[in-house]
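Each of the next two complexes has chain A plus one other chain: chain B in the first, chain C in the second.
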Partner chain A sequence: MIAYYFQRLIEIFPFFLKGLWMTVIVSCLGLIFGTIFGFIMGVLRSQKIRLFNWPIGIFVSVIRGTPFVVQIFIVFFIFPEWGIQLNAISAAVLALTILGTAFICEIVAGGIKAVPKGQWEASASSGLSIVKQLRLVIIPQALRTILPPLVGQYVLLIKDSSVVSVIGVVELTRVGWLTVVRIPEGLMVFSLVGILYFVISYPLIRLSNGLEKKLSVGQISL
Partner chain B sequence: MLEGFNFRIIWEYMPLFLEGLRNTFLISILSIFLALIVGVIACGGRLSRWKFLRGISIIYIESIRSTPLLVQIYFFYFGLPTLGIRIPEIQTGILALMLNSGAYIAEIVRAGITSVPNGQIEAGMSSGLNYFQRMRFIILPQAIGVTVPPLLGQAIVLVKDSALLSLISVMELTRCGQVLTSERFMPTEAFFTVAFLYLCIYFCLKYLADWSQKRLIFKETY
Partner chain C sequence: MIKFKDVNKWFGSLHVLQNINVHVKPGEVVVICGPSGSGKSTLIRCINRLEKFQDGELHVDGMPLHNYSINLTKLRAEIGFVFQQFHLYPHMTALENVTLAPIHVRKIKKKEAKEIGMEKLVRVGLGDKASSYPDQLSGGQQQRVAIARGLAMSPKILLFDEPTSALDPEMIGEVLDVMIKLVDEGMTMCVVTHEMGFARQVAHRVIFMDEGEIIETEKPDQFFDNPQTERAALFISKILTH
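Here is the complex of A and B:
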């Protein structure tokens, strides 16, 4: 029986690859937008401007303090009541973007705060405008602390994108869920799903660890 | 935006929400304790001298860390019955949460133990302390201070992760929101209440984590 199911599973393997592709697209879009907005918000947050600091702080706490499933339900069920019509995929991308923004904002703000104050003063007294200070002096140094957790955050986003299956986006987890109805071999089907996730996230985890080692060694030698 | 917000319905469903909150609480507390045990064992395996134990622990930790929790939950939910094991959903959920958090806790504990400088261990050895004495008097007192704040962070993650159990119909907080949505079609009331209750838990744990960060981490005095 198991051999038969295994045969069936191989037959519908392309379906899994489609799911994997959807996972990659949804999480890539989420993390690209999340990185952009997260950087902007993180830079604003590190500036200690009261006008921005409060709303960003509340936003970050609310997103970090609630489960992603609840956020997805809010985006998918409640936004339409406020007149924002979304199909499942764009709701998924929006929810992932919001999640990514909140977490990346904290990472970026932390990285910028870790740059010694003297760097700010030196670049200010060299007559650079604040944008140039950030672009030429602060952010290149902050990247050293930002990059490893940022890649780690990408892994978390890819994994969180599995939750998107609850609103009917046919990505990898949803494919597994749909398959297990027809091929009642839960261990086999979800092992396959797990392996496919492993294939994307494990290299990223290794990259994050590698970056951490490489960049922190540089810091000691400073 | 929220002019039609119906507090009466929330009040009416309050007993349900409180029951959900209680279940979320119980599930999280039970899982974190079990995960602590699993984590310490896995960490022991990870640091052990035997290649076999080390190999198994590494496979366990890495495979958990690079697959989404939802896939793990489905793996047990659909997989255990095919092995002939039938347990209630809530136990399946706790099993999945326990194994998931256990892997992360193993890494946290390992980071804590390896954060103790080698010189300390060598000093302990040359003072004639045996392995258990070194653990008891030198390594653990220093490691625990470093470990507790990230453990509380993991507890926060676990409370949020327990929301995913709603997808295998465990009656916890998020599930209550889904019930209210399907019975009365009031997603706004339902999910904002759920989010609010999660935020309450989050802020309590966050306060604890910040406090422990301040109190427990040894300041470098030299």
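Here is the complex of A and C:
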């Protein structure tokens, strides 16, 4: 029997690859947008400007303090009530973007705050504008602190993307559910699902560890 | 060139600068000394607006710093600032440290900026260290790169906040030598320092501060040999026994 199911599993393997592809697409878009908005918000948050600091603080707390599955339901079911129509894939990307933004914002703000105050003073003293101080002096140094946890956050986002199966996006986890109905060998099916997640996460984990080692010792020019 | 008129500054309830009146003319070298916490750093940091003040007037290079809407970039481009802890950019080579502001503030072409940068590094005796990173340089070398970084903008004024206090004794001389060379070239300088030898040799005036006030302004020899106030005398005896 096992052999038979294994045979079937191999037959429908392309279906898994499609799911994997969807997982990659949805989480890549989420982490790209999340990185962009997270950097913008993180920079603003590090500046102690009251106008931004307060709302960003609340946003981050709310997102970090509620389960992702609840957030995605809100995006998918409640936003349309406010006139924002989203298909499941867009809703998934949007929810992942919001989640990524909140976490990346904190990582970026923390990295910027870790740059010694003297670096701001030295670059300001030479006449650089705030934007150039950030771009040329502060962020390149902050990246040392930011990059390892940022890549770690990407791994978490990829894994969190499994939650978007609840709104019907046919990504890897959803493919697992759909398959188990036909091949009632849960261990076998979800082992395959797990292996496929691992295949995309592992290089990032290695990258994160590598960055940590590389950035913590010696001189690198960014 | 720099003119403080009745400047007052508070940090919360702490009155750090009290009725400051100072006038620094072009080409003048002023040494500022005084006990820790007396407001020396705060005073010179006002000159390039690293600190704001609440009351009084301050003109620097013709710009009224008491007006909050001045062009900071324009002001700071004309003033070099050398910190106690150097604050070189650790992710850039010595030459990149020096050329950053010329390229991005003065908009000088990279190639030309490099030539200027090399010239300044040679001037502080570090022509051979252009491609070294700060953590590959000694403290004295780092501070000289920091001075070259200030010079690269061809500033009208150079400010120094205890430039030798973070250095091992054997490196103090090399930094002071560079500063003395700048004095000889006619640079306008305000130097917070307790280096009496430097003050005696090159300063036109010594300003002694205590608890936010300017207590004495004298020629260096007069100040060190014949202080007019007890506070100054006490301070001088302390740095002498140090």
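Everything below uses one rule, namely that the second predicted complex is superposed on the first by the 218 of 222 C-alpha atoms of A that agree within 3 Å, B and C clash if a C-alpha of one lies under 4 Å from a C-alpha of the other, contacts with A are read in each partner's own complex, and residues count from 1 in each chain.
We take it that a residue touches a chain if its C-beta (ideal position, glycine included) is under 8 Å from a C-beta of that chain, and two chains touch if they have at least 3 such contacts.
Predicted, not measured: the structure shown is a model, and the values here were computed from it.
K.L.:
Quick one: on chain A, after the overlay, do chain B and chain C clash, or do they fit? Just give me the call.
P.N.:
In the arrangement built by aligning on chain A, the partners chain C and chain B fit side by side.
K.L.:
Quick check on the superposed pair: does A:A3 touch chain B, chain C, both, or neither? Answer first, second, both or neither.
P.N.:
neither
K.L.:
Which partner does A:Q141 contact after superposing on A: first (chain B), second (chain C), both, neither?
P.N.:
second
K.L.:
Which partner does A:E121 contact after superposing on A: first (chain B), second (chain C), both, neither?
P.N.:
Touch status of A:E121: second partner only.
K.L.:
Taking the superposition as given, does A:V163 touch the first partner, chain B, the second, chain C, both, or neither?
P.N.:
Once the two structures are laid over each other on A, A:V163 reaches chain B alone.
K.L.:
Using the superposed model, determine the angle chain B, chain A, chain C defined by their C-alpha centres, to the nearest 10 degrees.
P.N.:
100
K.L.:
Using the superposition on chain A described above, determine whether A:L51 touches chain B (first), chain C (second), both, or neither.
P.N.:
neither
K.L.:
Does chain C touch more residues of chain A than chain B does, or is it the other way round?
P.N.:
B
K.L.:
Using the touch definition from the top, say if A:V131 reaches chain B (first), chain C (second), both or neither.
P.N.:
After superposition on chain A, A:V131 lies in contact with neither partner.
K.L.:
With both complexes placed on chain A, how many Å separate the closest C-alpha atoms of chain B and chain C?
P.N.:
19
K.L.:
Jot down the residues of chain A that show up as touching in both complexes, chain B in one and chain C in the other.
P.N.:
none
K.L.:
Residue numbers of chain B touching chain A in their complex, please.
P.N.:
Touch residues, chain B against chain A: 1, 62-63, 65-72, 74-75, 77-83, 156, 160-164, 166-167, 174, 177-178, 181, 187-188, 191-192, 194-195, 198-199, 202-203, 206.
K.L.:
Okay, in this complex, where on chain A does chain C touch?
P.N.:
Residues 116, 118-119, 121-129, 132, 136-137, 140-141, 219-222.
K.L.:
Across the complex, what residues on chain C touch chain A?
P.N.:
It comes out as residues 48, 50, 72-77, 79-81, 83, 85, 87-93, 100-101, 104-105, 133, 135-136, 149-150, 153.
K.L.:
Mind pulling up the chain A residues that touch chain B in the complex?
P.N.:
Within the complex, chain A contacts chain B at residues 61-62, 64-71, 73-74, 77-78, 81-82, 155, 159-163, 165-166, 173, 176-177, 180, 184-187, 189-191, 193-194, 197-198, 201-202, 205.
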